[in-house]
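Shared chain: chain A. Partners: chain B in the first complex, chain C in the second.
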Partner chain A sequence: MNSKKALFSAGAVIGLIAVALVWFGNPQNMGFCIACFIRDIAGAVGVHRAEAVQYIRPEIIGLVLGALLMALAGKEFQPRGGSAPMTRFILGVAVMIAALVFLGCPLRMVLRIAGGDLNAVVGLVGFIAGIAVGVVFLKRGYSLKRTYQMPTLDGLWLSAVQIALLVLLVAAPAFIFFSESGPGSMHAPLLLALAAGLIVGGLAQKTRLCMVGGIRDVILFKDWTLLMGFLGILVVALIGNIALHYFKVGFIGQPIAHVDGVWNFLSMTAVGLGSVMLGGCPLRQLILSGEGNADSAVTVVGYFVGAAIAHNFGLASAATAVAEDGTLSGGPSAAGKVATVIILVVLVIIAVANSKRQETVKEG
Partner chain B sequence: MKTVDARGLSCPQPVLLTKQALADKPAELTVLVDNATARGNVQRFAGNQGYQVEIREEGGEYSLLLHK
Partner chain C sequence: MEAEYIATFYTHYDAIVFSRQLKAAGVESQLMPVPRALSSSCGTCARFRCAKADIARFSLTGTEQLVRVTADGYEMIRDNRHS
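And then the complex of A and B:
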């Protein structure tokens, strides 16, 4: 099977699983959302106290451990790190805050489009714009420099944390918060969600599936291979959503979404640019963490802290609610808008600071 | 023969450096990478550019010899 078909097939399976997770209890258009789920975990362990979004999502645990197991099976587990870890942490924080202004990571953006959410189409245009800006910096020599071999344990920490989270989820001690209403209270059964994560983690590790990489490679190399994964998810989730009557085209009344186009666009521009600078979307960072990449693990910790900041500082958007008389409430907060602009500026500063030609070609 | 040392670099940089090195259409090029993702991506890119690729592995590092 060539890699285009492999990626489309992996995407198709992921799209199917995502819709199935909604059927089994996840919020709509949220079979998977790396940003939302890390945010829910941050809430569950109490680093933010947004009561509606607190749950230890087994999907995240499964994704990391699925990637770890697949990497071990394929002899691709490599403990590596040392490529500007603190910059990656900051980029992780920035990408997470921006994703929570939009209300979803790139994977959920695709799932939202597959559910007929036109706000996510606006987000996609912003996302592509952000990636295009990132490609300009890549061509100008943007790099976070090389990674190096790390001790084996350093490549295992994020996986170890997942096992600890699984224990906390099952044991449910009193200090762990679980939402009683709102999106955090809506979830598929534990074992099912865990299995879904494991399968998708394994598939994504094997195929290198990445939402950002797909669009980046088309712009940079006219290589459509990675984008096939994106398309596989979109096509199958679309069919699934239509079959299960989840599909509804429009801007208003979409599940866990807001209708402010400007900020849907700009927040996803930041997610696209920041993710190109990290070398992959949030899903890909989880998978790389499982493979032993300590830099990606630091990035995931950045997502976690970013989620806490987003909710503690009131930067995360509220979903648009429609009152009986038709008036709309919710959307991005003023603080969230300011944060998005600051994030865009900081991203450009980081990109400029790390762009210069390197001497990597030797005559000989 | 030119050598691109992309060890420790994450994608897309190994492919980007390979692309730049192939711009003046050399008959041969060696690309060094140290992870399977970069190996696969450089191999695919070189193939698309009409190069044959021979891969040697040594201690987790890969040497890709690209030739017409």
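And then the complex of A and C:
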């Protein structure tokens, strides 16, 4: 099988699993959402107290451990790190806050589009714009410098944390918070969600599937291979949503989404730009962490802290709700809007500060 | 005799610098995504054709791997992944 077919097939399986997870209990258009699920875990361990979004999501545990197992099986586990870890942490914080202003990571953006959510199409346009800006910086010499070989333990920490989280999920001690209502209370059965994560983690490691990398490679190299994974998820999740009657086209009344186009666009611009600067989307960072990349693990810790900041400081958006008289409530908060602008400015400063002065080189 | 080579890099910037170096030496190269068979990373590689003796002329700073493209895959010339 050539690599484009492999990517499309992997995407198709992931799209199918995502819709199945909704069928088995996950919130709609949220079979997978790396940002939302890390945010839920942050809530479960009490670093934020948003009661509706607290649950240790087995999908995240499975993704990291699935990638670890696949990397070990393929002799590709490589403990590496040392590429501007603190900058990556800040970028992780920034990407997570922006994703929670949009209400989803790039993977959920695709799943939202597959559910007919046109707000996510606006987000996609912003996401592509952010990636395009990131590519300009790459061509101008942006780099966080190389990685180095690390002790094996350094490459295993995030996987070890996942095992600890799994123990906490199963044991459910009193100090772990579990939502009793809202999105955090909606979840597929533990073993099913864990298995889904393991399969998708393994597939994503094998194929290098990345929401950001696909669009970046098209712009940078005119190479469509990675984008095939993105398309596979979209096509199969769309078919699945239609078959299960989840599909509903429109802006209003979409599950866990808001209708403010400007901030859907700008927040996903920040997610796209920040993710190019990190070298991959949130899903990809989880997979790289499983492979032993300590820089990606630090980025994931940045996501975790970013989620706590987003909810503790009121930066995360609220889903649009429609009252009986038709009035709309929810959407991005004023603080979330300010945070998005600050994030965009900070990202550009980081990009400029880490770019070498040189002539732009034409690729391809 | 000329052969086809692929160099992979730690960063996209290293790939750009290498490509400019080749161009200055009169060797055309194409920057592209790293083939999956070479790495699980999704970085940038440079594919180019030159004589084996010419390889010694180039600075390989920033290269992760240098391979020769063969009929049935790749022959490792330089492997810097464990540094």
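Note that in this section the second predicted complex is superposed on the first by the 356 of 364 C-alpha atoms of A that agree within 3 Å, B and C clash if a C-alpha of one lies under 4 Å from a C-alpha of the other, contacts with A are read in each partner's own complex, and residues count from 1 in each chain.
Simple rule for what comes next: contacts are C-beta pairs under 8 Å (C-beta built on N, C-alpha and C of every residue); 3 or more make two chains touch, one makes a residue touch a chain.
All values reported here derive from a predicted model rather than from experimental measurement.
Chain B and chain C, once both complexes are superposed via chain A, clash. Considering which of chain B and chain C touches more of chain A, the answer is C. Of the two partner chains placed around the shared chain by superposition, chain B and chain C are both touched by A:146. Touch criterion met: A:356 reaches chain C, while chain B stays clear of it.
Of the two partner chains placed around the shared chain by superposition, chain B and chain C are both touched by A:208. In the superposed model, A:112 makes contact with neither chain B nor chain C. Look at A:3: by the touch rule set out above, it reaches both chain B and chain C.
Shared contact residues on chain A (touching chain B in one structure, chain C in the other): 3, 74, 76, 78, 138-139, 143, 145-148, 208, 213, 217, 220-221, 223, 225, 279, 361, 363-364. Touching chain C in their complex are the following residues of chain A: 3, 71, 74, 76, 78, 138-139, 141-149, 205, 207-208, 210, 213, 217, 220-221, 223, 225-226, 279-280, 284, 288, 291, 356, 358, 361, 363-364.
Looking at the complex, you find that chain B touches chain A at residues 1-13, 15-17, 19-21, 35-37, 40, 44-45, 48, 60. Residues 10-14, 16, 19-20, 30-33, 36, 40-44, 62, 81-83 of chain C touch chain A in their complex. Of all residues in chain A, those touching chain B in their complex are 3, 74, 76, 78, 80, 83, 138-139, 143, 145-148, 208, 213, 216-217, 220-221, 223, 225, 279, 360-364.
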